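Shared chain: chain A. Partners: chain B in the first complex, chain C in the second.
Moving on to the complex of A and B:
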């Protein structure tokens, strides 16, 4: 469905490339996520794939069309949901969809049904200029569904939405995916990518560092961890413990992001400096030293909670690229 | 493609009618024409208007019709007085004995007009009288009151900018709402989009021209010529509207930028009116000069298709040069 080979793009027509030597393929019906921090080259790549930016160097085929010579008719097959909402403020929600619907040469979905799908049916006849950011985003999202695209580009589809609406959007995407729609998702939300994508690509500084399925990445780069919360009685005169207790009134989490062997503390029962402390600690199940430490904690402390914890895509991204997803 | 062009134009019409600035831009020429019409009462007042009783012979009526506007009443007696009492300046006329006439007036008619009417009747009655001298009458070329002649031409050419302004406002709206990117991923060719956006820029000036000319009382013009002349000059405004529209994100600043067009328009028109003929070549670069020349000839009923098409050709040639200079800038702005 999508084939990219040796893609380079420079906004300044010199060797300052926004994307460098990117190659990947997306099979029909596959859900592919391009993940990276802001400015990594996600949007540039998507804009080239959707024809919003001209293809200069490299080979790109989208839905059977050579992007060196893109045809307008290809947009009958494509759907593009933008990160920034872009709807006509002076038109109502329904008028917005009706207008775009009539530009397609293929059968389209009923605008009112689409509005109902994302909870906008009550405001169908209100001007979009009066909408909140989230409502405009939903309208932009359903507009990209009008022509029942076979290839659907989604740029940060849940950004700025409240959790309930974001969940609705995710369910819609999942349903389309199950029906065979090919999805190209660009996001910095690793949880969303983990949930929706068959494969993900990590892009940093314009370079595609890695492509694999979320499961394979976790197996390959993730460490098996156990998170334990246990109570520790502070000994009289333990100045270090008293100081920590005074500074941390609530349970604190691992601070260095490495995941293992880290400790957080909180005071239980009044914070006098001599009471019990709640400790949260991660233990690696791979490192023998930490396994022994875990066993000691289990044997000698009062355990409050204990969870196995697999590495998140975000943690893997940081591990692979050395960059955070900001 | 035509269907999609109309969709795009239709969206702009719908959106435009919800925009106070566009509504004002659409109505302003008609309001200006109404004001101008109010400022040129002499257009009607200088015409001798007469209501004649059925007693007046047809030959007299025929003669009077060569002088001014004649209204032949069907009923005699009181009907004539009633007509004269109406709000307009109308003199009544009835036969009074053999060879004599009675002029009926309200009393508040324009000064001197009754004497003119008497002279007109006197001339008819004494048409066989041999004058003791020969009089040669000539004019200096004013076929219409200046305010009416130039007012109409200036207004029509000047208002051609307003079509470009509508395009500009709609484009700025697209930029503000970020909808150009959405249009760029729709199955609509760039050509269809530009034509759809630009259509209003030529249709509105033509409608303005028709409305203004009809309001000012130019019923007998060749409106085919008017359409050709205005269509060509509107293209320049459309181009400028596109350029300014794609370069601005704010309606007010965009409209302000559009005002730069007022300078060449007014300079061309004022030059055409006030400069001696030998200096007119200085204005040949301006498409507004040629459009004004066409309109001026059209309202004076002196235009021929040859002259109108020549002027239109010159305007289109200048437009093509402007387009060649600006097309890349427009294309970049629409991406």
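Moving on to the complex of A and C:
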């Protein structure tokens, strides 16, 4: 469905490449995610694939069309949802969709049903200019579904949305995926990539570092993480923690996935004033520095619990690229 | 089909933005000023081109009479009959007087007029210049002859003379500004990008803008023409001509906007273009100053053509030739704009 080979792109037409030497393929019915921090080149890649940016260097085939010579008719098969919502503020939500659907030569979905799908049915006849950011985003999102695309491009589909809406959108994408729509999505949210993608590509500084399925990645990297809970006295602990934290960022399992490498910590026997804390930390077994840190902890601290842990995509991303997903 | 969809959407949008109301407000203000603030003719002073072909002492006495007799009117002495006629063709407000000795030795006063002056005005002119002569010259005989210049056109009221300026301004310039404003609104909202990932063509998009501006321009042009010119305009050819002028103006606007990504950056270029285009009004109002370089500005033939369509007998060949030229120019500029947009729309 999508084939990219040796793709380079420079906005400035020099050797400052926003994406360099990118190659990947997406099979029919597959969902593929580009995972990377902001500025990595995800949107640039999507924009080349959707013809918004001209293909200069490299070979790109999308839905059977050579992107060196894109044809207007190919867009009957494509759906594109944008990172920044872009709807006519002076038109109502319904008018926006009614106008857009007429631009396609293929059967389209009912706009009102689409609005209902994302909870915009109440404001269908309100001008989009009066919408909140999240509402505009939902409108942009459902607009990309109008022509029932067989290949669906989603640029940061849930970024900046409140969790309830994000999960609605996630469910819609999941359902389409199950019905066979090929999906290309970009995100810096590893939970989304984990949940929606058959395969993910890690992209950093315009370079694709690794492509694999989330499952394979976890099998490969997961068993090498050890989670340890141990007791630490206040005085000795602060120093030791800071020392280790400075050497290697350690990811907490915070719910939003934007873990900042803090150390889980809980005061034991609160009120006694002893300052003893329960520390929870992850150690990678592939990193010698962390292995040494783990050995030190094992030797000098009182261990409460200890087990191997499946790594999140984000942790793996950090291991592979040395970068965080922010 | 996609053009039509986009066009209708643009039309709907245009009535929800204030640009169209600016255009209508300008038209209304123009109408009000022309009808209620300014008189139909702005000046009543006329130049009189004069040629005295007499021997002394008759020359001096006639000259003295003229200089004393003509107060409000300005006498301009020329040295040939031809010069008078040329001057009159250029200055449709003026009249001429040619004094010479006839074959029988009589002093003859030949008034050279445009042909649309009222008999009252002719009588007034006669009185002003030769009223006194009868008392001074005993053998005076009223043998005044009046020559109407061949090919002379009726003179338009000042109100009608200004009308073409507004129409050109409205179509060519306002159009240029407003289409730029619309395009930048689309760029700003990012809706252009959304269109780019549909089967609609960029040409559909640009043609829709052209169509929308055409509707707006024709509406306001018609409004103003009906109010100012009433029955004296040739509406059929005028509407055809205004359509051509409008397309030309919008095409320039499209091309200009293709070089910029926001209105502020484009503003200076738009002003320069509008300023250059507006230069032709100088020659339009002062026919004696019409160097080729100014007549080559497209707005010059536009002004002349529209004025032509306010005459009773317009030179339709000229009008249609100009319209054809404008359409050809519009098509060429549109192609350039299309090429530019295809290249730069999304970067």
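Just so it is clear, the second predicted complex is superposed on the first by the 241 of 326 C-alpha atoms of A that agree within 3 Å, B and C clash if a C-alpha of one lies under 4 Å from a C-alpha of the other, contacts with A are read in each partner's own complex, and residues count from 1 in each chain.
Going forward, a residue touches a chain if its C-beta (ideal position, glycine included) is under 8 Å from a C-beta of that chain, and two chains touch if they have at least 3 such contacts.
Source: prediction; values computed, not measured.
Under the clash rule set out above, the superposition-derived model of chain A with chain B and chain C contains a clash between the two partners. In the superposition on chain A, A:50 makes contact with both chain B and chain C. Legend: residue contacts after superposition of the two complexes on their common chain; A:143 is shown touching both chain B and chain C.
By the document's definition of touching, neither partner reaches A:230: not chain B, not chain C.
Using the contact criterion defined above for the overlaid structures, shared-chain residue A:11 touches chain C, although it does not reach chain B. With the complexes overlaid on chain A C-alpha atoms, the stretch of chain C that clashes with chain B is 168-176, out of 60-68, 96-104, 132-140 or 168-176. Looking at chain A, you'll find residues 50-52, 72-73, 75-76, 78, 80, 82, 84-91, 95, 99-100, 102-105, 140, 143 touch chain B in one structure and chain C in the other. Chain C meets chain A in the complex at residues 1-2, 5-6, 9, 12-13, 16-17, 189-191, 193-201, 343, 346-347.
Of all residues in chain A, only 50-52, 72-76, 78, 80, 82, 84-91, 95, 99-100, 102-105, 127, 140, 143 touch chain B in the complex they form.
On chain A, the positions that touch chain C within their shared complex are 11, 47, 50-54, 72-73, 75-76, 78, 80, 82, 84-91, 95, 99-100, 102-105, 140, 143, 147. The residues of chain B lying in touch with chain A in their complex are 3-4, 7, 11, 14-15, 18-19, 173, 176-179, 181-182, 184-189, 335.
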